[in-house]
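All chains are identified by letter, namely A, B, C, D, E and F, in their written order; residue positions are counted from 1 within each chain.
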Amino acid sequence: MKRFDDRDFDQLRAVKITNHYLMHAEGSVLIEMGNTKVICTASVEEKTAQHLKGTGKGWITAEYGMLPRSTGNRKTRDSSRGKVDGRTMEIQRLIGRALRSVVDMDRLGERTIWIDCDVIQADGGTRTASITGAFVAMVEAMKWMKEKKLIDAIPVKTFVSAVSVGIVGDETVLDLPYAEDSNAKVDMNVVMTDQGEYIEVQGTGEDSPFQPQQLQQMLELAAKGCRELIAVQKEVLGDLG
Amino acid sequence: MKRFDDRDFDQLRAVKITNHYLMHAEGSVLIEMGNTKVICTASVEEKTAQHLKGTGKGWITAEYGMLPRSTGNRKTRDSSRGKVDGRTMEIQRLIGRALRSVVDMDRLGERTIWIDCDVIQADGGTRTASITGAFVAMVEAMKWMKEKKLIDAIPVKTFVSAVSVGIVGDETVLDLPYAEDSNAKVDMNVVMTDQGEYIEVQGTGEDSPFQPQQLQQMLELAAKGCRELIAVQKEVLGDLG
Amino acid sequence: MKRFDDRDFDQLRAVKITNHYLMHAEGSVLIEMGNTKVICTASVEEKTAQHLKGTGKGWITAEYGMLPRSTGNRKTRDSSRGKVDGRTMEIQRLIGRALRSVVDMDRLGERTIWIDCDVIQADGGTRTASITGAFVAMVEAMKWMKEKKLIDAIPVKTFVSAVSVGIVGDETVLDLPYAEDSNAKVDMNVVMTDQGEYIEVQGTGEDSPFQPQQLQQMLELAAKGCRELIAVQKEVLGDLG
Amino acid sequence: MKRFDDRDFDQLRAVKITNHYLMHAEGSVLIEMGNTKVICTASVEEKTAQHLKGTGKGWITAEYGMLPRSTGNRKTRDSSRGKVDGRTMEIQRLIGRALRSVVDMDRLGERTIWIDCDVIQADGGTRTASITGAFVAMVEAMKWMKEKKLIDAIPVKTFVSAVSVGIVGDETVLDLPYAEDSNAKVDMNVVMTDQGEYIEVQGTGEDSPFQPQQLQQMLELAAKGCRELIAVQKEVLGDLG
Amino acid sequence: MKRFDDRDFDQLRAVKITNHYLMHAEGSVLIEMGNTKVICTASVEEKTAQHLKGTGKGWITAEYGMLPRSTGNRKTRDSSRGKVDGRTMEIQRLIGRALRSVVDMDRLGERTIWIDCDVIQADGGTRTASITGAFVAMVEAMKWMKEKKLIDAIPVKTFVSAVSVGIVGDETVLDLPYAEDSNAKVDMNVVMTDQGEYIEVQGTGEDSPFQPQQLQQMLELAAKGCRELIAVQKEVLGDLG
Amino acid sequence: MKRFDDRDFDQLRAVKITNHYLMHAEGSVLIEMGNTKVICTASVEEKTAQHLKGTGKGWITAEYGMLPRSTGNRKTRDSSRGKVDGRTMEIQRLIGRALRSVVDMDRLGERTIWIDCDVIQADGGTRTASITGAFVAMVEAMKWMKEKKLIDAIPVKTFVSAVSVGIVGDETVLDLPYAEDSNAKVDMNVVMTDQGEYIEVQGTGEDSPFQPQQLQQMLELAAKGCRELIAVQKEVLGDLG
């Protein structure tokens, strides 16, 4: 049985990662997953986080934003409202954790990598696309650091990607666009490594609780999706050396 | 092998829920899980959320706070900083989702139940204790509404409780106090219904990715913990009738 | 003539100060005056106020808050409104001044004692209860400092307590609960030392001006109330030695 | 014994109230007390406060500000800091209470009078000068309302003025300029009616507690000062008729 | 004499306007002027500005933002700083004025067109590129309104475009990239109509005052630039009918 | 043909600059242009701007405010709204640029001069009056610095003044009061030096585009106005020596 956009239940949307998308950032990509489009940049600052001063360790932090008309209804700018909303905070904390978990902070040195994920067009899955794209931008920024002799090697332990899964009607499906996401009974985001381990598992059944076996099905779909996304990342990045 | 506080790996801390804790709120409890102490109140407002006006549906929303010296180091007040921090936002969104998922909003009518969870002493697991305690306060507020003839029956579909699990060293453990939590490799919060279904599953391996079988072990411990917490809730609340 | 709660015009409500109320703070009490309940903590920071750096002098500062359902109608959190309201500012400035006035700042050394007064249940007189309770928490924190050899002696010059007085109908009364306070023509708060001297006198006749002799009557009642409160403080604290 | 500026202990500084100081406001004065200069305006809005809608009652509210260089050191603008400081809040609440206490809100009708007190030069006693000047501006605005047939009569029950008193060295003195104020052991502000009754009494002995008889001396000086200020107000305003 | 990027003093950078750039907005373009890239969207809201309610007139308002790494150094998000900076405010007011000046607000009806200009890559001239691009997006949104029968005709009186001019060294030049802009003695932005009239003229000689004849030269260059930009707009938009 | 206030099209309103207006500021004036009245102060801080530390250069920055009843309708305080509005930001940036353009920052040394312009009565042209008055206050502060031996000479390169011009009906006029300004088709502000050079030219035809020759006429009027204002400044300041 096909989905409304003709995909199989376990099929990703068309994925495209355009590397070197902007001229100023040390790393920058445009990631497209179907109609969802996110610009991810990585910026290197020669100063670690406040709480790590003197430890020799670096830090990675992320910010996330949406252009006002990335969505169907115009979204008021955070800057006009004078504060960042709760959903945005949740997402930027998730992106930061996901990337930090695969980086060796000692080898990064007392630096901060700022990740910025800005959604220019939203059609579901913007937070997981942000993680997948930001990983590429981050590695590009590390390559730049290596070239500048700031570091000896890319201090990344493993690739990391993320994908959404959910239950729509009675069907467990992979990579939900907005039309499915807004009708899903269960919504889940999974962040995984190249070795098939979990970095983060977040499932919510706001509209309806879910069974343990449904959780298992979603985790399996997510594993398939993350594997395929890591393959795309590898194609773009080549060997991490 | 015993834990530092002499508990088994699958044992909850001492749980105590004091009902009718404050004089003004329609529902109020003090929940204690070991040294963690949270005041949970439920307040009834005769107005639903903005986006539900005219639908006949009610809303449940939650706010969470910590007294400045609920923690080891004094925490600056959100009101002094002029904004709510990201962790607080995440927690209050989680509490709200958990409670909404078990309430029939049509039968609640166009009202809002405000949940306030204020931590007066923190020793790990404050967000899960908040959910477990807030459920009791919410049901008490609904009993008050029923007595006032605002509703015919308690519009709750199932009990809901929450607990933390994690991996400390190589051990999977239930209900982590701060001493364990701050050393955990993996930290997970699970919200479950009376029927053993999931409302929310959130696991994070910031310091180290985790294996699928570790996820299974944690989910099993969480199920045991939530069952026991629901037993305590039932003792306090009696029959929902 | 008895008051609505059966007290004499010059009688305090039942007073109870529970010392060592919380596990983390250097000093902490729960003070109850009738139904008014306030948690007062004192936290020691090894840094004096900005404007006292290099002077050898310490500082004492206070913050005050109310839990949302400490009151009859739910009070919006200051953190949600993004700013502290005027009444709160007035109260925390009053608490800070009252405590600073009885401490020898030179002997405190370049430290700050942070006082936090959080009302968990309000029934009139929260600001005066906060001062009376906070004094105990502050002295406890100083005992902790003495034990840690940070100071040689408790640098307190005299006990300090506070009480409300007012004119309800034609009657001058001591220690007003909310039911009286909301109908009072004149509302007055008095902060006094062990020697019967004034630290602060604040009387307001917003609804009706008051005569010099009414002021005298109120001051006498306040002196009686403060004396009795200091007796309770002495019982809790023992010898300041 | 003369004071540093050659005044007697019970002597006011030179007082001057310039009426109709600005062209746009319904009432506006410049009040000068020695070097302290405050512009006070009263603005009429055809809408009462939110909580009084439908009661037929009016409201009076006050705001207070200082020009950045009204003081010896440039004061950062509240608008740059993004919030009003505690001292400012205290003062504007005091001004509002003082004026409301002498106005018959029923006869004002469902209107708001906005009082603005802006200090252009500060030399002590700005809050009491603000009250004394604002009363004149308020009455002028009421005269304007009467002329416009919005009200039948000036709804003021009595004149109101305010003055500072204090203890400097061992001397009780009236109307303290900054040089005295900054060295005062006790600082007190008194707001009084034409009949010699108190509207507000606020005395603070932050640097040193004070005796009951010192309080009496200060209250007597304040009564003399307020009487003299009301005489000036009467000269400016004429008959309230 | 050629400029560093090989252009003549009176030559624009390569201009490209991609229409229908995003899927959700009623009008959206990507405008590129050399390396400067701005996404401009126009959103239609069925509600006019507050001050125009009941007048039958519409409103056009603009917001402007820069992605954090649109610039050489990462720019802190306005939402993190909690307020919009002065430069941004100036720019969004300029864009709004420019577009309102060419629209017949009566024929627009009681609606608001929200213009959003988000710079994804900055290399000088972002505010003028925003105006030129936003005009196209606005007209597209009006075409959408016409198709939806909300309006009968496109209520635009004339095309409008904008360009920067300046004095670099001794040379008067058109359309300055960052490398020139940051060294310019005089910086000027000109907004013009299809008929060669001025909407806005803003010239600043912060580093050095400028002569009347230099002003004339800059105005002539600007006229040439705006004419060429309007030609590009016409190519993209076709007949306004 | 005379204007509504009996002036010729090219005539300034009555100008008066009262020097040494306030006692605390290093430089302070009251400037009156007709009914427009602005207090301008200059404050010297022994610290340069953040971005100039270590360069030996000083900085000049300006802030602008309006008293709430400087205008016909009471204006909400920026401090109540929690932020500075866009118009205010534009104006304070303009004042800062205008003054910086005529000062030799190297000779000022690593200091900041804070300019504060506070409008106490507004009747059009407040921003240009602010510049004209602030220049005098700034020079006075520099004289104070010279007296204190902080600098050897007044580091000013040329006088600077500012004036508004506009098109009202078909007439090009100088120095518009509010009654003309609110009906003007074109509104222009010009800042000029003693040598007749431009510092800033800002013309806006929001209600109607304007022709090149209209621009010329306005520039000529502005030059006449600025010359006359500089004559007044010279009278007040005497020789800059």
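Here is the rule we go by: a contact is a pair of C-beta atoms (placed from the backbone, for glycine too) under 8 Å apart; a residue touches a chain by one contact, two chains touch by 3 or more.
Here is each chain with its UniProt name: A, B, C, D, E, F = Ribonuclease PH.
Worth saying up front: this structure is predicted, and the values here are computed from it rather than measured.
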If a chain touches subunit D and subunit E alike, it appears here: F
Where subunit A and subunit F are represented by their mean Cα positions, the distance between them in whole Å: 51
Averaged-CA centre spacing for the pair subunit E and subunit C, given as whole angstrom: 59
Where subunit C and subunit D are represented by their mean Cα positions, the distance between them in whole Å: 28
Residues of subunit A engaged with two or more neighbouring chains: 82-83
Round-the-ring chain order [start: subunit E; next: subunit F]: E, F, D, C, B, A
Complex contacts: residues of subunit B adjacent to subunit A: 83, 86-87, 89-90, 92-93, 97, 100-101, 158, 192-193, 195-212, 215, 219
For the subunit C and subunit B complex, residues of the former touching the latter: 22-25, 28, 35, 39, 41, 43, 45, 63, 65, 67-72, 74, 77-80, 82-84, 114, 116, 118, 120-123
